[in-house]
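Please go over the structures that come below.
One chain, chain A, appears in both complexes that follow, with chain B as partner in the first and chain C in the second.
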Partner chain A sequence: MKRKWLIPIVILLLFLSGCGNEVEIIDDISLVTVVGYDKGEDGKLIGTVSIPIYNPDFSINTEQYTSQAHLINENRDKLNAQSSKPLVSGKLLVALYSKELAREGLADLLDNLRRDPSIAANVYLAIVDGNVKELMDKQYSNVDLGIFLSRLIEQNIKTESLPKTNLHLFLNDYLEEGKDPFLPIIKKRKDTVEITQLGLFKGDNYVEAINYKAGFMFKGLSGNFKNASYTLKFKKDAYVFIQNLKSKRKVEVKHPDGRPQITVNLNLNGIIKEYNRTKVTGKNIVTDIEKKMEKEIQVKAEELIRRCQELGVDSFGIGEKVRQHSRSWTKEEWQTIYPELDIKVSVKVDIQESGVTK
Partner chain B sequence: MKWLFGKKNKETNVETLDSLLKELKASSDFIHFHYEQSPHGYWISYFQTLVESKILHRDILPYVNKETLKSLEKFKEVIPIEDVEITSDVKKIKNKILQGYVFIQLHEHDNEGLIIHAATHKNRQVSVPEVEFSVIGPKEAFVESVDTNLNLVRKRLPIPNLRIEEVRVGKLSKTRTYIMYVEGISNEENVNTLRQRVKGIDFDTITDSSFIAQMIEDNHNSPFPQLIDTERPDRVAAILAEGKVAILVDGSPHAIFGPTTITEFFSAFEDYFLSWHIASAFRLIRIFAVAFSILSTPIYVATITYHYELIPKDLLSTLITSRSNIPLPPFFEAVFLELTIELLREAGARLPTKVGQTIGIVGGIVIGTASVEAGLTSNILLIIVALAALASFTTPIYRMGNTIRLIRFPFLVLGAIWGFVGIVLAFSFLIAHLLKLTSLGRPYLEPIYPPRITDWKDAIIRLPYSYLGKRPVQLQTQDTVRFSEQHAKKKRDHISRKSDIDD
Partner chain C sequence: MKVQVNDQNKISPNLVFFLIHAVQVGVGILGFQRYIAEKAGYDAWISVLLAGIGGSIIIKIMYSMLLKEEGDLIEIHRTAFGNTIGNILSVLFLIYYFMMALAVLRTYIEVVQVWMFPQLSIFPYAFAFLGLVYYIVAGGIRTVTGIAFMGVVFPLYLILTIVFPLRYADFGDLLPIFSHAPIDILAGVKSTTLSYLGFTTLLMYFPFINDKRKSHIWAQLGFQFTTILYLLVAVVTFAFFSKEQLATTIWPTLTMFKIVEMPFVERFEYIGISSWALIILPNVCISVWAFSRGLKRVFHMQQYTGLKISIIALFILMLPFKDRQAIDQLNNYVSTIGFYVLYAYIPCLAVVYHVVRKVRDKHEA
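Here is the complex of A and B:
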């Protein structure tokens, strides 16, 4: 019985060894960490890839290859001809698109990322204000470009005002009915790269950018967040810095089938870190600060929502919330009623501590 | 066909006492002489090398001189040794003489004679266990003399139920082999299986208990040992009380016991001397060490060769930089290093201790750094291979440690051919094999499979003693209760309440 199995196994081992995975020894391949696309002449794409070169002395150089083609994979073939080692995209970290391409729609370009099984779903996407190739031609600090850009976005998601975004979430927002995606817009400064704006999409088409400073509001309206900070102008020359801000969003929908009335409830709590006037003592000042902040955030949030309504962009997924309450929801109908909807924001701020001194 | 199997090793049949003595005289250490000083002319024969001369001169010869002792019966009454017998059974006489008995005849050609026990015991002193050393706990280890070993066990279990059965194994060596178990606790079936298998051994010389262990194992083709060997008498006493069956072999400082499970191979006996948290933590570390030792190098090779996508982005630069100058593919690099480590281990094991240490330093430091500097191997793989080797040495049972080191190679080869698919394939084979394996007919992978929750209390982790009231289900013992957990708790509560009042 044992012999019976042994022989087929040995035969399989000997003859099927070629049917395994493709050998891609890590130092014999070129890992593409960033891809970028610009709009070229007569419908062509200018594709640029960035590859880190790891030197034995632990220093890192980056190499860029650029070519023009109609298709992404055609482009990849042309780039492969320039490289000494085969290009592989399994370690892709960031994909960049120029504003013009984004305006025309990203769905076809992203399709390539979706189809390749070696590409992770947590690849960061970004729109570049300016020329993509130009941004990729430079090595910022002493790390690889892909790691630099992915850390830039990651860090902003964790600590600053950028809502969580990546390939998976973008596609999720795009494919979900009643929600529109967004992407960060990055711009090359002299020696560095900066997130300057948030790009709002309608479907897969880039529509409009909002200032990155409004990102705080944007993040709060799109979902919950933790560990943000906020500077409030309390009185003339009196500023308050509030830290460890936590926010919870709750969307209330009334009359979902007729003309929906929507209230976005924001519950914030945080601690006062810095106040440049007097000591923060007494309950009154704290409650005053709370009230002032509530008012300010409400105004800003309603402003932001109104702007989105004007553009017909539903970045906060309000349509999706309504759909959850309604059986008769349709995309077409929603798109017609969305701009005229009455969306209110109700904010509640709770300041839990006014700081501890040593 | 006869030339193929050789002649059957027939025992020479000694017909008469005369011819027996004649045959024995062919050996130069056999003494057969007429004791001249004796008035009755005794004939004394024995093996000089087997007999304790002190006994001979103090307890036997002085009585031979006495005139009153005219017959063997009288002689038997007088002599201050218990093991004395008058016999004319030639076969018995032969066996006894070969075991160190002195044979006395009244006249040279008598058919009858007196056999007197006067065997010498040349023993190593009982010393500290070397393989299973523990910082706390008893420091006695078995020696080569089975009588000493039996004493070491029996004094730990002073109960009449402790059964010791002698079986002689080996056509030439006739090694005294003892099957030990506790009547009324251990399952008859286990004892019978073991007894049957030991009696069924057909071999010429049994040098060590490991011979027997290999011959009576359920599956001879498995690299996994299915019986545990130990040099600790306390451990043998403990497993006997648990309901297992042990075998002691004369000339071997290791007892073997079963039935056992794979988890028992990763529990050191020291675990029972430490508090249960610490013992459990150490066991988990050992299990982790096994997994690490088997899988780390294959996973490294598979990842570097096929699955670069899995490497975290922060590790990329470290891994690629370390490999940037290496001409060999990862598989050959790994095989080179693994073989180096195995060479070092083998050289260290074969050489005397002091030279062995030097080899360790030469190999570990000089070869390691030199091969990295020469660009033959990457330093990361060197770290992984060295750690894997180190991890394999944490296994308390030496034979299991060897197995762990061996089964890494099929994983490595399959990982290099098919990547992770290959590793999964190798793992499936391993699991299938372990599931099929038994130890004295009992499942080897218990309590993991078949899942027996109650046996988890002393497998991968060890619970406090108050939870160990029941004997393992795996052993199917006759008496399943070690102590009543409730009764013990009541007793404990009673004592603690009492002391509170006293305070």
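Here is the complex of A and C:
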């Protein structure tokens, strides 16, 4: 008899449990896809959010709201007052920060993204060269700004010109002992947005930018890549385009007299795709190309490492590698010896194919 | 003394695998990585392995007592310490089962509150969940075992999501191995305890197993399956997070769900956490069953009455735990008590029990 009651009660409870909560219906909320922050007056932040509006005729408008406050969420409250529907950040794709803010440190600003469970770990972060609000004020193509910017970054990562980056990886590098993070720097051009530089960080403070063309080298030094391309000036007016470049990085650490000696080994292999002086041939032309490329990459890579050493920025995680080989590694000690370390680069290039012609 | 159980209420020995595994995997696995890394750094995976070996020995000890007595914990206590003291100890042990159920359910509700529905109040959720628990436990140990089976097999697909963090993993983070002192690694073992707890419920449902001797191997297998699962999760977590990042992440396993990308689902956490209800359900059911069964055996009351008491008590005692600190404290208590129960109380009990039996058997012979 008791059981007779039990089943309907349990069923009722299971269904009723859905009632207590505020339900969020997609048509009644505004999905924020991009947030951007500029430095405001007396310690305030200028926060801008961008929201796609999907029109019935399938076109998309982007709406912007801006306000000023001390806290990100205080800002959000003020923005809510401007919007007809509540702002929801579960669909956030990109977060932008001005150079000034990045110079002062991003950790406190990122804390908000990290603390909020509704924000994905693969949100893209970028620094804006110029005014963030201005960049966000424009719609760049027929897609929403968030999708536009995230595709821009994603595409550059896939073509191996930009090292993998997102919220999780930034935090991972920042909180890792012996590694410093980086972020792409984007700039508004007339009708489009372009990745112009790579911003190097020391801790969470933006320090300096390197040219985006060095992105290839940067990526090679910080990890492996699979599908890059490279243009080599072989001889006078003779250029070679090498594709499907794969690279493996191996950091060798030796301690001959207590001081670590570091060699970064890069193993590259690829395929010749284009060669504009087919008449310029030689006996061992492929070997010559390999030699030339090895030399060139080595010089550029060492240059880049030296630059980082001068800045005291360990973007390639060399400290991390040394730590993994030593039990007495300390952060303080590493920071004092890092700028004077002797870091060598050894490059090995192997060109496997030259297409279907000889 | 032998505890008699009707044959139709018994379960086959291989199902012990699910009972052991289901009661172990609960809320511990959501956050144990941070606790163990606090103590033993990234050498903590060794602690997980050591805890696996330790637990295996404890199961062996429990079987040595149970097979000899052919009864349950209550009977063992009575044999070892006499009726009065034995019963008091049994009641203390039952409270521990109860606290396990309380900690698991309250922590799970907290996870739902933080990750999915910040406005959710404990009251309706706990009411619905405990109603379900009542319904299942009222069905007896065979129903509970069925739920345990379901609670292990259905959410098993969650293991596959480990592939996603692997793309961001750097296994070099685990180097250098043995950078921590052995004492730290042992402290790590203590911190893993919460995630391994619960298999002592075996002491209660043992009389219900058919072919008890054969079930030993299944109990061991169930336990080692847990160890392998934890080892896998711990190693991937350490490779995925940097040390400092892990130290400030409350539920690393759930945070790893955030990196999961699938074309048809934007946020995997929601699916993961909802599936987790299926993992929590058998966990609570087994503990509540053990508690109510214990009440029946000690106080000779109807098991239904015991069950009602435990459901109402769970419901009321859940209310004072309002914030993260309180819940964390509850988990810490359960973990610490569990550690001493496992590695101090049970071996001592076994020594006392075997000595008493030897003396008594000699007397009788």
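The definition used in the following text is that the second predicted complex is superposed on the first by the 330 of 358 C-alpha atoms of A that agree within 3 Å, B and C clash if a C-alpha of one lies under 4 Å from a C-alpha of the other, contacts with A are read in each partner's own complex, and residues count from 1 in each chain.
One rule holds in what follows: contacts are C-beta pairs under 8 Å (C-beta built on N, C-alpha and C of every residue); 3 or more make two chains touch, one makes a residue touch a chain.
Keep in mind that this is a model prediction, so the values were computed, not measured.
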item	value
First (chain B), second (chain C), both or neither touched by A:36	neither
Which of chain B and chain C A:120 touches, first, second, both or neither	both
Which superposed partner A:184 touches (first chain B, second chain C, both, neither)	neither
Which of chain B and chain C A:26 touches, first, second, both or neither	first
Chain B versus chain C as contact partner of A:325, first or second or both or neither	second
Partner chain(s) touched by A:54 [first = chain B, second = chain C, both, neither]	first
Chain B versus chain C as contact partner of A:172, first or second or both or neither	second
Touching partner for A:91 - first (chain B), second (chain C), both, neither	both
Residues on chain A lying within both footprints (that of chain B and that of chain C)	13, 17, 20-22, 90-91, 118, 120
Chain B residues touching chain A - in the complex, by the definition given at the top	221, 304-309, 311, 313-314, 316-317, 319-321, 323-326, 329-330, 417-419, 421-422
Of all residues in chain A, those that touch chain C in their complex	3, 6-7, 9-10, 13-14, 16-17, 20-22, 90-91, 117-118, 120-122, 168-169, 171-173, 175-177, 179, 320-321, 324-327
Complex contact set, residues of chain C against chain A	114-115, 117, 119-121, 124-125, 127-128, 131-132, 134-135, 138, 168, 172-173, 175-176, 179, 240-245, 248, 254-255, 258-259, 261, 266-267, 269
In the complex, chain A residues that touch chain B	2, 13, 17, 20-27, 29, 31, 33, 52, 54-56, 58, 60, 88, 90-91, 93, 118, 120, 144, 146-147, 150
